[in-house]
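The first chain written gets the first letter, and so on, giving A, B, C and D; residue counts start at 1 in each chain.
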Amino acid sequence: METVRILLFAGLGEKVGRQMEWPWRAGLTIEGLIEEMGERHPEVRAYAPTLMTAVNAVYRPRSWELRAGDEVALIPPVSGG
Amino acid sequence: METVRILLFAGLGEKVGRQMEWPWRAGLTIEGLIEEMGERHPEVRAYAPTLMTAVNAVYRPRSWELRAGDEVALIPPVSGG
Amino acid sequence: MATERKMERKTDWGWFALSEAPIDPMPLVQFVTRPEMGAVNVFLGTVREWTGERQTLYLVYEAYEAMALLTLEAIGEEVRRRSPKARVAVHHRLGRLEVGDVAVAIAVGTPHRADAFEGSRHIIERIKEMVPIWKKEHWADGSYWVGDQLERVSYPAGGPAPADRKP
Amino acid sequence: MATERKMERKTDWGWFALSEAPIDPMPLVQFVTRPEMGAVNVFLGTVREWTGERQTLYLVYEAYEAMALLTLEAIGEEVRRRSPKARVAVHHRLGRLEVGDVAVAIAVGTPHRADAFEGSRHIIERIKEMVPIWKKEHWADGSYWVGDQLERVSYPAGGPAPADRKP
């Protein structure tokens, strides 16, 4: 089965796990991935409105179509500096 | 004879001398002092329009009346920093 | 910890690093100082003890490290679009920090001072907006990830666009 | 020179110094860093090699020293009227400086970053406006006191008033 790798950070990463593999299918977008994740992890649904999203370390919109093997980051509000 | 001490700086100090004593009389203002100095030192007259002026290390207007023993500074445009 | 991690990217004009070891600002200053520069601005973000009524005992920073370094470099490029001779160095600390520690050091060298101030300010504002680094505050009575309680904002583009704000 | 001169004023919140020895910015940073601070801004003015077509070989700074220190302290008070918890340190070098040397170092520590940036910027702008320090540029083909060729401005009040500009 082809997958994407998901990275989660900060409070969300502590609650859900910092890294997971998720099944990939043709046409899967970031938005679709977040919805699927939210079914299994309610915390993802709670954080979803505030998340920034990146694919392979570049910010990408929710409508972005994923490819197998992509690294998808769910980025809660940042607080560096 | 009572005097004031005059301090001169930068280009003006190099040309005229960095320090001098000048006769004081009741009612002498900074403006009056600069005029008197200009008669003997034409450079003071040339610099006069650009000078800031201080008495005892505090900026004072040209109309300021000097007292005997005051330290008067003729301050060309500053260029620190 | 036994080994302190450090990741960095260095170009001919920029130096970006993440490290668990304390930050020494002087190498950053030296990196951005050149005979063609007349000004260096340095910003240090330090760990403040009190935020309102709450006393911070210590902080822990974590980062999406590879992306944080790439994003810092992109922010440096924003500064150089405004001031093409600028040199830029940014080091952010990770792991546990105590009150008074330097969390981030930014140094910007430019020929003239306005650009140094503006570049340094731009970098810290952009870090707080878009660099994937997070801070967990630890108090006597608990801890939280800063940002978890922030008002909700949505990012239809995935994140702040690089062109959102000019330096 | 055999003995290097240094003059300074120190208060509970401010440190102002003039010295012929090279400036080390780190003691200034340490002076302004406190647990109640979250931000330190440092500005370094360095000797630039090229100004337009002209190559600087070295500079010489002189000061009306006692007044320069008093004026720096007054400028520090301006910063603290805006940001009452600010701590301020300013060191200016005198005598001969080479290209790349730090001529002035300013450090401002404040609880929040905007005040640190604004305080540091205010101090350098006020130094250039009103602190009695002068710079003589030395080139291959001559030398001049910067300011001697500036456009003419008159100061009916003797100098810029302390209230001319708020930080």
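Details
In this text, contacts are C-beta pairs under 8 Å (C-beta built on N, C-alpha and C of every residue); 3 or more make two chains touch, one makes a residue touch a chain.
The structure displayed is predicted, hence computed values, not measured ones.
Hopping across touching chains, the smallest step count from chain A to chain C is 1.
The chains in contact with chain A and with chain B alike: there are none. Chain B and chain D have CA centres that are 24 Å apart.
In terms of their C-alpha centroids, the spacing between chain B and chain C amounts to 50 Å.
Contact with two or more other chains is made by residues 45, 124 of chain D.
Residues of chain B in contact with at least two other chains: none. Working note: touching chain pairs come out as A-C, B-D, C-D.
Those residues of chain C whose C-beta lies close enough to touch chain D in the complex are 25-26, 29, 33-50, 99-100, 109, 111, 113, 116-117, 120-121, 124. Partner chain B is touched in their complex by these residues of chain D: 45, 61-64, 66-68, 70, 92, 103-104, 124, 127-136, 144-148, 150, 152-161. Residue ranges on chain B touching chain D, taken from their complex, read 7, 9-11, 14, 30, 49-54, 57-62, 64, 73, 75-81.
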